[in-house]
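Letters A, B, C, D, E and F name the chains as they come in the text, with residue numbers starting at 1 for each one.
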Amino acid sequence: MSEALGLYNYWIVIFLMMTGLYLVISTGNLVRKVVGLNIFQASVLLLYVTMGRVDGATAPIFVEGRETYTDPLPSVLMLTAIVVGVATTAVALALTVRINEAYGTIEEDEINEQEHAQELAG
Amino acid sequence: MILTGVMAAILVTMALALVRATLGPTLFDRILALNMFGTKTVLLIAVVCFTIDRTDFLDLALAYALMNFIGVVAVLRLFLHKGFGEPEPDEEGASS
Amino acid sequence: MITDVLSGICLIAGAFFALTGGIGLIRLPDFFTRMHGAALTDTLGAWLILLGLMIAAGFTLVTVKLIMIGLLLALTSPTATHALARSAWEHGRKPWMLPEGEDVPTDG
Amino acid sequence: MREVKILRVVSAKTLLPFILLFALYVQFHGDFGPGGGFQAGVIFGAGLILHALVFGLNESRRVIPEWVIESAAAVGVLIYGGVGVVAMLKGGKFLEYGVLDAHDRVHGQHTGLILIELGVGVTVSAVMLAIYGALAGRGRLST
Amino acid sequence: MSRAVKHSIALFVFLAVAWLLWSGFWDNPLLLSLGAVSCLGVLLLVRRMRLVDAEGVPLKILPKLVVYAPWLIWEVVKANVDVARRILSPRMPISPCLFEVKASQSDDLGRVIYANSITLTPGTISVHVEGDVILVHALTKEAADGVEEAEMDRRVTGLAG
Amino acid sequence: MFQQTVDILVLGLLAATALAVVRMRTLIGAAMLMGIYSFLSASWMLILDAPDVAFTEAAVGAGVSTIFVLATLSITTIRAKRQTKFQFAPLAVVVLTGAVLIYGTLDMPHFGDPEAPVHRVGNRYIKRVPEEFKIPNAVTAVLGSYRGFDTFGETTVVLTAGLGVLCLLRKRREDEPKVVTE
């Protein structure tokens, strides 16, 4: 039992990831999809950061009197990932804006309907 | 010990704010609750810095407070001007 | 020893005010009155917790940073509250009033 | 939002200088505490976005014209790459900061770190401001 | 010395003090020089934004704040206890009301300080500022009477003129 | 004990926030809740001793990306279409994926295990940084030096993404309306 309890951090993070994923695939609204992607991304960051933790250690910024430090590597990887994440989010939002200008809506089903109507007409 | 209690109290306050944010009923209630949630995270961070005994991380709390404020200003701008890009109406404020 | 007790008292009082504000946010009847509840957590709740931490830290640069956080909160929170109240007012939200002819409920 | 006096006075006039200075503080203390180019760039960009939010996009464009933003974004990457190239010219490998100082490897590492953090900060803040400007400016012209 | 120069120098001093307090490395020449450069750069940028004036750097009122701030904090504490009591009491004795007060300050900065002080005190919130009339929402009649007595108004006027 | 209590409280609040985002129909509310979610996850990162990530996440997630979403909303629409019927398929997919992932975690090292294989590289960095750099922040040193190529790539990606946004949204000169509003 105690074997499995040490993994609770992963389970809750997976729950959070799945919440984001659910938002992405269940909604037709493009902005809500982007919000869902952001939640998914933040949860993946959490997954990596929890892996870096060491019991009884302190943050990897050296101070007097502390010997053990947590792993700096996951921090480094996630640090760059966050900023790249916001930049790509911005690209997704820009695409949403263009879609809205082309179709007049940001709802997926309405866009599909318009596409379908065009196919029938052309 | 006391610090853990204070953290728990702050987290409960946040949970109450979250309840208000989901209940609404108006959008303004949600924004009010979320703004309060943001200021509580600042306090949470300050307390966490003391519990993990690394008070040199208090810069984070400052950054949190700033970011929360900027986010709220952006929301309010959306309400007061219906957008981000319109030219500013030049009235009494501009000249003084 | 005395500093421990003092900071403990401040922290607990701050946590109490923060909780009260949170309860107010749930209990109060409308948007405008809820703002008063939120103001509670942003003023004394925050200040007392920060004060407790300052007493615990002793007088160092950490205290200065805590004071700065307090100043920042004291500057930004009323500004954000006012702007929020104003935009609600301009969108035609009317505050909740006591129903006509009803007296102010009193304690007890 | 200029006519909301409280926002104009408190947020912009009183806080903005300190927000920008805080960003620079985070930038240059990346070696000693939490912080560095990415965080500082985002905070600096957020400060400039706050200015644009309160005073409007036109005012923001007057203070920092578009060409400055776009070149800054590229210049940041160039600083980063340039440090690598200088290291190669000095006989090291690409991005080997130790050779930047002929006598003291540790000092060279320091110089390299500060310079590349600067490059990252410049790029990130410029890109943040550019994205905000693109999104906000779209609304003004399209209707 | 012109006013603009005076304000710039004052802002530079504030920025430098803030840098030193944040940094805490007072013996590192590299960081000190970077700090000086940063302060100067921020000052130039802010001047370009035209933010350096009597509103942004309120030199005149800073000394008087020493008297005003403790009084305000005491008011806030009293109001906090009152509001907390009302929220926690089971029947919630509140009587929200809306009224207008006149701000007797002569400039925007004074009115901003006054309106912000009203908002900072729990129990009263300034909803709208139009000219020198402030629309206030109060949680209780007592709090409303407190604002209408205008002691805070007098003190802020003394502060900012 | 402290660690566990706080972890469980914060994680519970995080889960509640994530569910609140799913429930939230107002788009502005969803955008702000996204910011709050970032704040909370950043707080937990600080508790997990990763202040640099927490700093970035707070600045990026709560500040800048919220503003970007809001700016997008201001030029598209702030109303989301009401979903009419409950969809079963997404929930099934999510539950299935989650189950597979949880099955995958069973072999993972325990939370906070100092012997976990990930730490092998990290420990080497921790040992080498004080000798080679003489600076306290190991994250900055690894970011800039040992992983300098990585960071260079990431900076380029940020620049490219910015250019992409500009290409997508920049109005060409001939598109500008004749009557300028200023």
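Heads up, the rule we're going with is that contacts are C-beta pairs under 8 Å (C-beta built on N, C-alpha and C of every residue); 3 or more make two chains touch, one makes a residue touch a chain.
Every value quoted in this text rests on a predicted model; they were computed, and no experiment measured them.
Shared contact partners of subunit B and subunit F comprise A, D.
Counting C-beta pairs in contact across A-F and across C-D gives the higher total for A-F.
Chain B has the C-alpha centroid lying closest to the overall centroid of all protein C-alpha atoms shown.
Centre to centre, using the average C-alpha position, subunit A and subunit D are separated by 24 Å. One simple way to say how far apart two chains are is to compare their mean CA positions; for subunit B and subunit C this gives 12 Å.
Averaging Cα coordinates per chain places subunit E and subunit F 35 Å apart. Distance between subunit D and subunit F, defined via averaged C-alpha coordinates, is recorded as 20 Å. Annotation for subunit E: residues touching 2 or more other chains are 22, 108, 115-116, 129. Chain contacts: subunit B has residues 14-15, 31, 52, 54, 56-57, 59-60, 62-63, 66-70, 73-74, 76, 80, 83-87, 92-93 touching two or more partner chains. Counting partner chains per residue, subunit C has residues 16, 21, 23, 35, 65, 68, 72, 75-79, 81-83, 86, 90 touching two or more of them.
Contact residues of subunit D toward subunit E in the complex are 5-6, 9-10, 12-14, 16-18, 20-22, 24-25, 28-29, 32, 51, 55, 59, 63.
The touching residues of subunit A, counted against subunit F in their complex, run 4, 6-12, 14-23, 25-29, 31-32, 34-36, 38-39, 42-43, 45-46, 49-63, 68-91, 93-98, 100, 105-107, 110. The touching residues of subunit D, when paired with subunit F in their complex, are 26, 30-36, 38-39, 42-43, 45-46, 49, 53, 58, 70, 73-74, 76-77, 80-81, 84, 94-95, 97, 105-106, 109-110, 112-113, 116-117, 119-120, 123-124, 126-128, 130-132, 134-142. Against subunit A, in their complex, subunit D makes its touches with residues 32-34, 36, 38, 41-42, 124, 127-128, 131, 134-135, 138, 142.
Listing the residues of subunit C that touch subunit D in their complex gives 72, 75-76, 78-79, 82-83, 86.
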